[in-house]
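Below are two complexes that have chain A in common, paired first with chain B and then with chain C.
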Partner chain A sequence: MALQILLNFSLAFVWMFLNDDWSPTAMIIGFLLGLGMMYIFRRFFKGGFYFRKVIAVMKLLLIFMRELVLSTWSVIKVVLSPKMDLRPGIFALPTQLKSDVEITLLASLITLTPGTLTLKVSDDGQTLYIHAMDLSDRDEAIAQIQNTFEKAIMEVTR
Partner chain B sequence: MSAGSQSELVAVLMILVGTIFSFLSTVGLIRLPDVYTRTHAASKSSTLGVLFTMVGTFIFFLFQEGYFSIRLFLGIFFIFLTAPVAAHAITRSAHRANVELADISVQDDLQKVRSKEREGAEAE
Partner chain C sequence: MKVNDVILQTYTKAVAFIILIFSLYLFLAGHNQPGGGFIGGLMTSAALVLLYIAFDMKTVDNMIPIDFRKMVALGLTIAVFTGFGSFIFQVPFLTHSFGYFRLPLLGETELATAVMFDLGVYLTVVGGTMTIMLAIAEDDD
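This part shows the complex of A and B:
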């Protein structure tokens, strides 16, 4: 992926050389033209066309923002209610993610969405232990959220 | 209404929302029963609260003084990078030091795993 970005920039520079135009506009035009060319030649790249991953990163960011707002709202409701009838607890979440980067990303995202907090990653990296603010009927729902995160992360890294 | 006062309104509202979020998480810090649930509240204040406050400040300086402060975005980025790691380290060390969960807690999977590990270490 890094190689493809480098190639895209080199193509942009070739475009700037061809036009003898050193403005940022020429750079952007060259970059977009290079992107189009690389899209045409996408089957020669090993990991596929890299811009798909950029879109996947954007999607992950949007999912993260949505979860952040939703779960902050739920935590605020708990904090402000006169009777705090929350049922906290620690549950184990099996994960299919393999590399350290993926697991770190997942753990950070889980912690940043309030309501869940990563306590420990098991030594073999297969299980995350998560402290949840309210386990009552949300065990299923939380697993669902984690699935969307996991899927989005997989789209980025694979 | 001029464009300047409109952007000022947006900035003021965002900073206000950020401050309210920080205040609410402080209330949570006082009201919640144990370390783990309190860390929930604490890590929340440094995400949404700081995010809103900093973006509001950014908008204010961008439209009032025409100053594009990339440092504010760097600040948001670094806080998002470090806050979850800090929360994770605090709660994990609390659990390792056998800090009890609140009585209302319903389940503790990690405790089982850790006591099993300890038995294994003693058996060797």
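This part shows the complex of A and C:
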């Protein structure tokens, strides 16, 4: 992936040399032209077209922001409501993520969204222990995390 | 005999893109400087031929699933339709015009309809050259 980015920038510089134009505009155009060519020839690269990952990172960011807004709203509702019919609890989340970066990212995202908090990653790295503020349905909470964060992280790292 | 041409293949992966961007430059420079659809198209097919030399035909065919015969047809269609386009404005066949436009990234730019015709030439040249090359190369079985 790093080599592909390097190639893309080299192509932008070749474009600037050819046009004898050293403005940022020429660089952006050269970069976009190189990106288009690399998209057409994407099957030549091991690991696929790198810009796919850039899009995946953007998607992860958007999912995080959406979850942040939604769960902040639910926490606000709980805090402001007069009666507290909550069932706090700790549940185990089985995860398919392997590398340290992936697991750290998932744990941080869970912690940063209000309402849930990562307590511990199990020694074999297969399970995350999470404290939830309102745990009325355990399976639903697990499924929700798996469908949003875990899927998006896997798209970025694999 | 199977030779290990890893050096050729590795260089090709980078050099083919440099040739391609040079061909795009030639294609777009054609209006005011040496260049144009023909030389740009030949240069693009040179890059493709380099890929075919470095890798075997099956690999490249899988990686670039483009039917070059259809590319010729597409290029000719584009060229003819730029000619027909002049009928909409009540002027003779293949009359071209140009104008200055303010584009988001490029600023003040001169856009000419002749570039569309050139694009047709470009696609036809790439498609024609590659069809000839591949038709000769496919002869072995």
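Quick note on the criterion: the second predicted complex is superposed on the first by the 152 of 158 C-alpha atoms of A that agree within 3 Å, B and C clash if a C-alpha of one lies under 4 Å from a C-alpha of the other, contacts with A are read in each partner's own complex, and residues count from 1 in each chain.
As a working rule, a residue touches a chain if its C-beta (ideal position, glycine included) is under 8 Å from a C-beta of that chain, and two chains touch if they have at least 3 such contacts.
None of the values given here were measured: they were computed from a predicted structure.
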item	value
Combined model on chain A: chain C and chain B, fit or clash	fit
First (chain B), second (chain C), both or neither touched by A:90	first
Touching partner for A:122 - first (chain B), second (chain C), both, neither	first
Which of chain B and chain C A:68 touches, first, second, both or neither	first
First (chain B), second (chain C), both or neither touched by A:135	first
First, second, both or neither for A:2, with chain B first and chain C second	neither
Touched partner set for A:43, first chain B, second chain C, both or neither	second
Gap in Å between nearest CA atoms once chain C and chain B share a frame through chain A	20
Intersection of chain A interface sets (partners chain B, chain C)	none
Residue ranges of chain A in contact with chain B within the complex	68-69, 72, 75-76, 78-80, 84, 86-92, 107-109, 111-112, 114-115, 117-120, 122, 129, 131, 133, 135-136
Complex contact set, residues of chain C against chain A	13-14, 16-18, 20-22, 24-25, 62-64, 105-107
Touch list for chain B against partner chain A, complex	21, 24-25, 27-28, 31-34, 36-37, 39-41, 43-44, 47-48, 80-81, 83-85, 87-88, 91-92, 95, 101-102, 104-111, 113
Footprint of chain C on chain A - complex, ascending	7, 10-11, 14-15, 18-19, 25, 28-30, 33-34, 37-38, 40-41, 43-44
